[in-house]
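Below is a structure I'd like to ask you about.
So that you can tell them apart, the chains are marked A, B, C, D and E in the order they are listed, and the count of residues begins at 1 in each.
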Amino acid sequence: MTKLSIRNLRKSFGALEVCKGISLDLAKSELICLIGGSGSGKSTLLRCLNLLEHIDDGEILLDGEDISVPGYDPERVRRRIGMVFQSYNLFPHMSVLKNLTLAQTRIRKTPPAEAKDLAMELLLRFGLADKAETYPDKLSGGQQQRVAIARALAMEPEILLLDEITSALDPELVGEVLRVVRDLKAQGITMLLATHEMGFARSVADRVAFLSGGSLLEVAPPEKIFTQPDHEQTRQFLKRVLDPI
Amino acid sequence: MTKLSIRNLRKSFGALEVCKGISLDLAKSELICLIGGSGSGKSTLLRCLNLLEHIDDGEILLDGEDISVPGYDPERVRRRIGMVFQSYNLFPHMSVLKNLTLAQTRIRKTPPAEAKDLAMELLLRFGLADKAETYPDKLSGGQQQRVAIARALAMEPEILLLDEITSALDPELVGEVLRVVRDLKAQGITMLLATHEMGFARSVADRVAFLSGGSLLEVAPPEKIFTQPDHEQTRQFLKRVLDPI
Amino acid sequence: MASLPLRHEREGVTLSPRAAYEAALRRKSIRLAVVSSLAFAAAVVIFVPMAPGWEAVRTAFFNWDLLVETFPKLLQAFLIDLMLFAWCAPAILVLALVIALMRNISSPTLFPLKVFAIFYTDLFRSVPIILTVYIVGFGIPGLGLQAPWNSPYLWGSVALTLTYSAYLAEVYRSGIESIHKSQTSAALSLGFSQGDVMRFIILPQMVSRIMPAIMNFMVSLQKDVALLSFIGPIEVLRQANVFKALYANFTPYVGAAILFLCITIPATRFSDYLIARERARRTG
Amino acid sequence: MASLPLRHEREGVTLSPRAAYEAALRRKSIRLAVVSSLAFAAAVVIFVPMAPGWEAVRTAFFNWDLLVETFPKLLQAFLIDLMLFAWCAPAILVLALVIALMRNISSPTLFPLKVFAIFYTDLFRSVPIILTVYIVGFGIPGLGLQAPWNSPYLWGSVALTLTYSAYLAEVYRSGIESIHKSQTSAALSLGFSQGDVMRFIILPQMVSRIMPAIMNFMVSLQKDVALLSFIGPIEVLRQANVFKALYANFTPYVGAAILFLCITIPATRFSDYLIARERARRTG
Amino acid sequence: AGCADGKTMTSGVLTIATGNPAYSPWVMNDAPESGEGYEAAVALELARRLGFEKSAVAWVRTSFDEAIQPGPKNFDFNLQQFSIRPERAQAIDFSDPYYLAGKALVVRKDVAERLGSDLSAEKIRDLQFGGASGQTSAIFISKVIKPTKDVLLYEDLSDVQAAMMANQAEATVVDVPTSLFLTAVRYPDGRIVGQFAKSNDETDDKFGLLFAKGSPLKDCANKALADMKADGTLANLEATWLNKKAGIPVIDLGK
């Protein structure tokens, strides 16, 4: 069953066309990893899906309904689609705990005590229980990134858009995130995950999508894409990537 | 010949002791990789070395001179020690080119034309020549990180402190950065590089230093540390890290 | 650069050489501050009275007997200032926020509100406040309102509120726009409505940024309630003006200034303290 | 949320259904804006004159003949405002910056300067500007200065500059403090001196953030040069005051307001345009 | 009695407004209730003739702005040396004059010494004049004296005085009674160097009571004033409260 369907999505910044007609279907509880060079449009695509960018053309179907039509209520969409940003974007004026609970109590109307329990559970899981009362500017890079992930998870969305969620984490924590992602999959959550870490993509993804210069060149299961990609360009990218030196 | 010598450096934030008496010597043109879990104090140590944090105790000797004594002119130090931040910290009100040339013309008194040439050369090397006139907020994560590296390199410092400089880069670019780092080593530049990527550490470092909870547990060449570390703790960290799942 | 922490001293632990050196440096600079301030004060006290006109100036501005004589009445009039301030300030803070939010609208359907907000700030900032006070304070009641609806207190306060909120709205606007767009993105992505983003994410961050500017407005409003005296109420500056005209002496203004200082300085120090505490909590 | 771009229309390309829909939405809202403004204006024009006192109010505030008669002299007096503004504004911008920088000092050796800056802002904000104008404008020349050094233009401008820069310094301060510390770290790590960090990194970012607040000061300064009229110079508001007394009519103030509007609105629009352009360049 | 019945704001009470503060010698000690001072005495006498004893008179204070604002007034009549001027007639009503003020030239002591006895029009035009904004003297300065330097205008007379003390203004023009009070009490360093010849035109200062436009009380007041003039009461009060103008040299500005 298709959960999220992207059809011919186009997005330009001025003269620069960043998404050149991208089409992709995500089945329910599928996890697709988005790979591609720096500047290839991964973050922009994710932002478009969450209606944070105004798209120039194309359709985005959520459970078959076009959410990209002008005038469609974006809040309803965003309650169902969570996002973790590459630059974390924590709220600096709130403690870590408040960062995690505000949206829960405000939007999902979770009772404060329950929201706090869920938040503490997530923080504990990410080894941050002792930082609950700290403010984001006092956290290390990896700690901020974990808070950002926890903040999105606390909203229990149907779909998660994850942008480079392990870039600031040590491998030990990457393992933890991997476990979390698998749990989420088991719960039926659909995920689109932009990443640079091929190992991570390989071990977690149902399918891997290769983005190059704003075009989706190839979508295939990881074994296929990492061993026998269809496109010459994919092959070359992976060759350089897997043996960079 | 010892270029930079850290002796018993201590740094606390309130009740939290982040550097618990760290001692480390860097020889000229040596490259030491700093590894350790998230929140272990890597970024803080680097900031202390660049005199961006006020240290509580200990000494930092640059070419044998204690630069940490109160009243020592920090500008003189920082002209010799460059730094790349984990969060990039580009100047949002300047174009990429200006980010790279301002300090050159202002501090090193490089003639503007020369400064621009050097900047363009660096941008070209990092595949960003077409972004010279763009502003940082319009760049992708990886593009920003590359600009941050280029900005520090443009100052041609004697010592470079590099904090997670490949976290937002795709593996292809990681390869490029690796080449750059090797070039710099060949030019005699001393480097201290905090990283989560063990593969990178292994392939580039002269020695690897393992930081755990604010203490430097072990410093040894990569082959030794990755195969037969002295400490049980190091062994466990690496075990979990290298086989996280 | 990191500022030198005062913590160690307070805790009374034995000082490391580094901490001792820094403490000494700090003590020295405080001594320097005290000495140089005293020297400056001494210079003023010694040299100014040597000017030929000093005696006349002293009598005109610093006449102790007159100060004592007029102070009680000034104090009484000051209560009117406080009262006017007490209801104008909240009204201004709120109205300015409403205007700033309207100014910030990006939705095309609500565009008329934005136009109105621009028109409002342009108009009320450009028109001299004294004219606003005259038109609203004399003109509106002059249309035929009966007591108590023709009260100069009422309409004078309305005039002040209109003008001040036009200015303050622009300060709010610069505060709102100084919050990086990524904060809005993050909040929206969590499902917050535009209104909630404003309320929980933008405004709280903005307020602590523009607090000194807001205090500016409070400090100056406190004195601009004097404009109401043009349409009747006799508050402290008007009272000082009456005494000045009566005694041909400016000392009563000094009395008024003392009253203002007694409010302004504690209020500013307190707001600075709050900002500093907030900052320390956030960034350490 | 991304605002809807106007680009497509301008370029005159054929519109996609999406762009067409959005263009229609925009047109509709502009129509709405125009209609609702007109409706409001019509309501005012129709209903206000029905008030019993309207005739008297109209004569007192909007007397066309009087406006025409007094306007030339008002215009002439307005030149004095412009002149005073022309030299006060730069002085204030600079002095306020100096004070703000002193206020921002963290080095313990320069601590006395910081104390002075705090004292300065506290004092000149608390003291009613009219007292400052009197003390500086009458008191200092009264100490025995001879012409041309006793000019009310000179000392009045000094008084205005002192007061305004105390307020503006606080706005600068909030601007400076709103720049994230990581910017300073980055600049320092490149070897910039504290002064250079301020000059190249903090101030440029701050200025575009607080531009609306700075414009506030310019707009209000333009009218507060009228305070100099307390010590003699006849600028436009004083001239209006003279006419008001002569004709027992407030219309001349409306004339003055028109003059102010002619300056303020283009200036504000222009600064808004600059800010918007800068923002577009930076964030797209 | 009778004429004013039902024409006052509050029946049985006559509300009279004066300035805040009220100056000597028009109102002594800023206390009009006492009836001391020329304007206070005239007002009370007028009230008596309209049928209001001292106890039935209420005093209020207003600024000039409040006196001329378009809404309802809070006084029956207002006197604070308002000059009767035709330009003001659109907004407010004046009674017939209760005083015809001569105007005196007051200068700083050092300026008086410099001028000596030379009161020629050129010398006087060269002075730096200051005046109180909105008062007829200021109009007199600019329209009749036509000084060569820009006039400086101030809020009120005390500011003019301060400007003279600060060496910023050299001379001012005030009505003769005020000039005498000023130089005797307020500003001993000021010198009256002369009074101006009456020109019998609109620059002459005739003080009148100010009424709301169309006030029915005006005719009653005019009648009472006419009586007071006719029976010599006004002249008596003038002699009691306003010092003699004798001995001040007359300045002729020519035409």
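Definition applied: contacts are C-beta pairs under 8 Å (C-beta built on N, C-alpha and C of every residue); 3 or more make two chains touch, one makes a residue touch a chain.
The chain lineup, named per UniProt: A, B = Amino acid ABC transporter ATP-binding protein; C, D = Amino acid ABC transporter permease.
In this text, all values refer to a predicted model and were calculated from it rather than measured experimentally.
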Can you list every chain in contact with both chain A and chain E? C, D
Which chain pair is joined by more contacting C-beta pairs, A-C or A-D? A-C
Using C-alpha centroids, which chain lies at the maximum separation from chain A? E
Centre distance in Å when chain B and chain D are each reduced to the mean of their C-alpha atoms: 46
Distance-wise, how many Å sit between the C-alpha centres of chain B and chain E, to the nearest whole number? 83
Rounded to the nearest whole Å, what is the centre-to-centre distance of chain C and chain E, using the mean of the C-alpha atoms as each centre? 40
Going by the contact rule already set, what residues in chain E reach two or more other chains? 65, 69-71, 155, 162, 165
Each of the following residues of chain D touches two or more other chains, namely 1, 3-4, 22, 25, 53, 56-57, 60-61, 134, 138-139, 142, 188, 283-284
Contacts with two or more other chains, residues of chain A listed in rising order: 13, 52, 74, 87, 138
So which chains end up touching which? A-B, A-C, A-D, B-C, B-D, C-D, C-E, D-E
In the complex of these two chains, what residues of chain D are touching chain C? 1, 3-4, 22, 25-26, 28-30, 32-33, 36-37, 48, 51-54, 56-57, 60-61, 106, 108-112, 115-116, 121-123, 125-131, 134-135, 138-139, 142-144, 167, 170-171, 173-174, 177-178, 181, 184, 188, 194, 209-213, 215-216, 219-220, 223, 226, 237, 250, 253-254, 256-257, 260-261, 264-265, 268, 275, 279, 283
Residues of chain C touching chain A in their complex? 182-183, 185-193, 196, 200-201, 204-205, 208, 281-284
Could you pull out which chain A residues touch chain B in their complex? 13, 35-39, 42-44, 86-87, 138-143, 146, 163-164, 167-175, 178-179, 196, 198, 203, 237, 240-242, 244-245
Where on chain C does chain B make contact in their complex? 1-5, 16, 18-19, 21-22, 25, 284
Mind listing the chain E positions that touch chain C in their complex? 20-21, 23, 30, 62-63, 65-66, 69-72, 155-158, 161-162, 165, 186-187
